[in-house]
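Note that chain A is present in both complexes that follow, paired respectively with chain B and with chain C.
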Partner chain A sequence: MDPDPNVTPDPLATSMSRRRLLRLAVGSSAMIPLAALLAACGGSSSPTTPTTSTGSTGASTSTTSGSTGGATTTSAATPAGAGSAATPAATTASSGTAKPGGTLTMAYAQSVADTLNQHISNFTVSRMVARHVLDCLVSVDTTSGQVKPWLASKWDISADGLQYTFTLRTEPKFHDGTAFNAAAVKANFDYTVAPNTKRAWAYGALGGDKYDHTEAVDDQTVRVVFKKPDVGFLSLLSDGGLGIDSPTAMQKLGDQYGQKGLVGTGAFKFVEMVLNDHVTLQRNPDYNWGPSTAKHQGAAYLDQLIFRDITENATRAAALQNGNVQMARLVNSQVAQFKGVNTIRIIQIPKAGTTRMYLMNSAKSPSDDINVRKAMNMAVDKKTLIGLPAWAGIGNPGIAPLPSNMVPNHDLSSLKQYDIAYDPTQAGQLLDQAGWKMGSDGIRTKNGAQLAFDFVCQTADIPQVEPLGGMLSKVGAKLNIKSGDFNFWINNTLKRTFDMTLMSDSGYNPSGLVEEFFYSKGPYADYLTANPEIDTAVEAAVNAPTTDEMWKNLFTAMGLIMQQVPGVMAWEDMYIDGASTKVQDVGYNEDGFAFFYDTWLG
Partner chain B sequence: MLRYASKRIVLAIPVFLGVVLLTFLMLHLVPGDPVKAMFIQNGGATQSEIDQLRHQLGLDKPLPVQFWDYLINVLHGNLGTSIRTNEGVGAMLLHNFPPTLQLTLAGMGLAIVLGFGFGILAAVNRGRWLDSVSLIFTLSGVSIPSFWLGLLLIYAFSVRLRWIPIVGGPGWEELILPALALGLQASAIIARLVRSSLLEVLSEQYVTTARAKGVANRHVLVRHALRNALLPVITIIGLQFGGLLSGTVIIETVFARQGIGRILVDALQARDFPTAQGAVLFIAVVYVFVNLLVDILYGVIDPRITAATG
Partner chain C sequence: MADTVSAHATTLGAETARQSQSAIVARQLRRNRMAMIGAALLVIEVVLAVAAPVVAPYDPLSQDFTVPLQAPSAAHLFGTDDVGRDLLSRVIFGARISLSVGFIAVAIGAGVGVVLGIISGYYAGAIDTMLMRLTDLLLAFPGLLLALAIVAVLGPGLFNVMIAVGVGGVPVFTRLSRASTLTTRERDYILAARSIGCTDRRIMFGYVLPNVIPPIIVVATLGIAGAILTAASLSFIGVGAQPPTPEWGAILTLARQYLQQAWWFTVFPGAAIMVTVLAINMFGDGLRDALDPKLRT
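Here is the complex of A and B:
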């Protein structure tokens, strides 16, 4: 830059040699962003690898398919009694003696999307938050799958499965001082099914069209009556979505209930909710009626519990790492970040719901040919898939539409005969026999058409779809990924304008989940042509009067489904939580979400 | 001056109407049936519920009638009701505006301080190393995406150095990094404009005359040069304010801050169109208002403008 001859040099300005200029230019490169980069570099914070533990879950209820939460799942789940789904360890390991005190902040991407009023909310995480304020009639023991007492001390089920009679405990009291009794339970269920109440998760969990009415037999006895058997009802009563609210509080706050207040009998009382920011709860010192599945009775240990919304995954992980929050829900790609951080441990929780499936449209070429569908199965190496960065080694190879953690004794061995093993050589032979000849460009063709699949997915799922493209290309198939937001994906699946898609749903309702995708009248049954045998088996499972009957029919249905090869049962998914090592005794409910009643800070 | 200000206010009206028209059309430009899209995201609905919402939103009426109703509602301050929370959109936006305004003003303040600082340094040291430093600063500022910068700042100052909390700290501490991430790009633009504008003014004859009369360089700069160099910079600052306001959409998400930006992102993801429309309209109206203030401020700083145009 030459000096402007019209500008008088400033006597305060200093002259500069080229060498000094270069030195200072380099030095001045430590601008704020670059200074940040230098500050970010350097040695690791600690040499020790973190503890990884496996939390519990069993089958549970909740959100939608794909990678974002939102829509509901329906219907009943693993019933009580032997043969129920069970998972290891209901709580994480602890060290030391439990002591009261402290505040724990748990970060979710979003704690409450609309309201904490579970009668009208469709959002899974908010049910999990509300469950700390609202007690439930029963609690699922995630170790055994058994349904255990909570607000109900015992219950009877009629022989025809149409009547559930609960005996209620006398000690519980609502936080507003009003009495907990049969009338309160009836008021809750009446409100859920009332014509003016927005239909949400709770309506389906209560049985939907199968539900008839609830009677308050006396102060301590309540009877729920169904029109048709609903074997999953009892387990779903353990979900926060069917927690019991104070009818007085609901009436008092009206439309503001669930936003300006939430009143239950729970171990924690509602303090405040700031939508899209946080929910604050404080300990209920009078609490002495915890679930029989808990490690202790009496008041909770934590003084305060805060659920904080941190939408951005990287920010949530950073908040955990720097101690701003003590627990956070993470994604697969973040597990590696915490290797070497000895103040944080990673907890993996089997996700309740379906297996993650690459489903194929059997009404459309090329996947209308069962041999093509079989060949695509043979082309997918599930173990290798799970080892890739997008999975970070978390999850298990899928076998059936339901994962092993959802079925009794985790035993899918009777369905393994229908599982198609990885065999790319045989895949090639099968495609040759089906008339798909390998082209010079590495893509098979038949009658002038390429063996190409339009894969419709949500943008966030692309990392778990792209590797599939690589595997299919080795057998001469091509994958065209078409991605968009949730609505784009759902619209395409409902209109059947796809060849393949990544699908699953989460929830604690085995028969409902299978019905959702593979029953010909199910909302997302867009993959298979209608099969009367599958429909019959699914109907029998959904309407079964006992759990044994339900599982028998479900396994029949799953076997038939797998023989039709609707797609690739790719992997059994897991939730991942990061927790400070100070956090002890984190309990997990059947949905795979933390329940902090037993939790304390070391 | 009053006549000048009145003229600017009158001219802002068609701009406002244009903004209302565009936000109204937003709903109709969405592919597919927006009402069905709202329900899909929020758990499904029966046909009667869909029809009810369609009627509630007025989507069963002819388009011009719909626009007229929308305009009348907006003029009465009625931005509709969130289909997620059933809360009034207007009340929700007003409640969340203060944190967004706080962040925007902090970002703007930082942008002005850094921008003027580097710009003045560069202008008075033209051709020297400080000028080069300023160039590096401005290039970095306009090149680095705010999203990436935000994450980098979090990692450096919150995770590695632990100087600043991400969430849960005192209000002012939590504002530092988001304000920096938001304001840096604007400061770079302001710095370059201050430099070029000041250089132009410093070459004027009256500046030479002032120096010849023995006025100290600092006084020449502040009393004579800077004021005249301000005019184009103020215009840019007004435009930058709108950019910063819309930039809060990203920054509030990255830093988990409350505000209108977060509401807009959540509303779009949940297909809560009344809320999304309301938020976009709100931001646009604030932007129009700020630029109106800039226009009026122009007249205050340079009386020649009001004389010429008033």
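Here is the complex of A and C:
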């Protein structure tokens, strides 16, 4: 039958049969090798480490000191603090004159995992976001490590280290009009330690079991009393986790506080939070009591600050590259992606926390032999590791359980004597002496067992674990990588069902970090068989009345720990932020997270 | 004597019929260009997979820290990955893993599904109802989600992936073989077999099963492609092959971090998955057409 000449054929009427689809697919796939060939002709290069900035030194600070008759006092500035002596990037370099206006969007993988109520959140980023709405009693100068005034203009510490008396400023006001005074500070700390308040980071930072109570001596004077000395307390007061909330708002919103609202005295006011999506803050125009560590005083420059959640690393980097966000937290492997991109700069921030460690389970064979643990150290070339794409050259070879940015004057030289140098030849000799003979398949055996380690890690960490397998294979050891999600990893580490794992923790409490992993009663303890000398030194550090005493004991503990060779102190890690070149004066706190009070858009 | 000759003639006749049937199917396949291309690609892949230790230029697990993320070159035709491993060697060895996973997963699914389907279709009644409700339950889940849930219970690893993907295929094969059984069990020769005292087991697996096989072969062939894709997806999200196994999906998991700076890291393993799945689909389509009497030419 002939087609009807009065009907125009519909060009879209042809159905796509499976057969036709397959033919198209075959044709397309034939183009792939051609495209690859053309791209290869265009040339590609291996990634190299781009030029990065580590920012300028921090703002000038003012120190105050106070004294009370009778009791000995300590000036407000605590040398070296209880935490890091200094991090290089207090504020990034700026060009031009600061001007108000604009919206800055910062992308984290997850800004707020549970709540902005920092009393009950265990998530670091949540506390860092909250810190823009809440002010803290003090602020750590990340250049010098000194603790500087903020909501507290001065403070005294009793000689026995059990009482901290703060004099509060009179200018600050809560966003909801509630008076900022000693009663408000007391209400915050009472809430943190209240029996029905969930125990979270803030509880430990306030001293945990060492904390006794807080007194409102008068409107402008608040005293925090401890049962045992806690030298970490003063520095940790600078963390958003111990920021000061409006007691009125906390009472009014109840369980919804931190989700439906957040009220502090900060440079930014809470606008809204959509969990797993974004947090929006807007400038507080009345703000005039910034930290003494800041570059300026008065209101913040930015009109609006948005924290966006972009979980997928590649998507987050793409959002930065496309200009959808002005700043983003990146991972090492993405640094090369921005090489040659003139509109983006890379900021490296030393991470507050422990060194990244390939920890070995010394309660289990084969790593129950200290000579095996030493040999594994000798097999690892830390400099080569850091040069690989998974590190992109960012970070420093590790030496001790704490990285150099966490110790006074960045000086770990006294512990270098315990550092085990890369020497694969000696590693082989040590293993031979320990009875591990090389097999024909390149793997050593002893009494019929292979020199094999079950390495438990998170899937995201695989790029930084596989190279270890390559290095160990050169000395005749085998790495069996078992990867999974966070729960898989943490369950295996807590149950000690691993031979090796990649471990670290972030935070600004040095004695607490060492205690966490190497004290026999710590949550992750028993990587070493219980060692009374280490326990004694750690206890002395944790309970030291002064920071000098704490560091002295901590270095003793670290030396003892390193002599036990708990694993490979692999590298000192860094956070990496990508920022549009329009973003000026990004501040970083002691935890390595951005603080946007001084930030402006060029 | 006459009976023997007659029986022999009948056997010969059946044999001749089967051979003619096979010849017809083979001829149909040969005429189908797409199917032949698919078959050729598959043969090449299988040969490469079997001969991988000989064909691959490097040890797929050997790391060379002097050449990480190197672009394709004469020394490394597909380039290298983030720890300097030769990508061509890893893709070739990956063929072994992917094809094995595909075949074994389908074998598990078909093996269990066909048995359950024949039992269900043959006995009908309560057994059939129960088994069909069970397959309905499994079919309610998207295949990848079901496989993910099974791996979450069993733990990560290639062997568990094979089981997970295989279990996901059971309901499909169960339903298909049940349908064939329902039509076959009413045939005269089945009734005759029953009447001369053959056991149910002999009838099911001696007489019914041969009739179920042809459609199963087609679905199984196409199912291999799906199994390879599912296994690669599970490895991609980190619950499949464990490092340093050169499974294609696992390679892509690492590669995606370097998408912008090392295109070869994603393109070659991705293309390997695509070509394999395409080849299997093309051959499977051709096989289905050849076995379908309505499409005979």
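Everything that follows uses one rule, which is that the second predicted complex is superposed on the first by the 520 of 602 C-alpha atoms of A that agree within 3 Å, B and C clash if a C-alpha of one lies under 4 Å from a C-alpha of the other, contacts with A are read in each partner's own complex, and residues count from 1 in each chain.
By our rule, contacts are C-beta pairs under 8 Å (C-beta built on N, C-alpha and C of every residue); 3 or more make two chains touch, one makes a residue touch a chain.
Just so we're clear, the structure is a prediction, and the values are computed from it rather than from any experiment.
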item	value
First, second, both or neither for A:Ala319, with chain B first and chain C second	first
Touching partner for A:Gly469 - first (chain B), second (chain C), both, neither	second
Contacts of A:Asp485 with chain B and chain C, given as first, second, both or neither	both
First (chain B), second (chain C), both or neither touched by A:Thr343	neither
In the superposition, chain B vs chain C on chain A residues touched	B
Partner chain(s) touched by A:Thr459 [first = chain B, second = chain C, both, neither]	second
First (chain B), second (chain C), both or neither touched by A:Thr197	neither
First, second, both or neither for A:Asp255, with chain B first and chain C second	first
Contact residues common to both interfaces of chain A (with chain B and with chain C)	25, 29, 32, 36, 39-40, 45, 314, 485
Sites on chain C touched by chain A in the complex	34, 37, 62-63, 65, 67-72, 82-83, 156, 237-239, 242-244, 253-254, 256-264, 267-268, 271, 274-275, 278, 281-282, 285
Residues of chain A that touch chain B when the two form their complex	1-4, 6-8, 10-16, 20-21, 24-25, 28-29, 31-37, 39-40, 42, 45, 68, 70-72, 105, 107, 110, 113-115, 122, 199-201, 255, 259, 274-277, 308-312, 314-316, 318-319, 321-325, 485-487, 490-491, 523
Residue ranges of chain B touching chain A (in the complex, touch as defined)	32, 37, 40-46, 84-87, 124-129, 131-133, 136-137, 140, 144, 149, 151-162, 165-169, 180, 184, 199, 202-203, 208, 211, 217, 253-256, 258, 262-263, 265-266, 269-271
Chain A - residues contacting chain C, complex	18-19, 22-23, 25-26, 29, 32, 36, 39-40, 43-47, 313-314, 331, 333-334, 336-337, 384, 387-390, 459, 462-463, 465-467, 469-470, 473, 480-485, 488
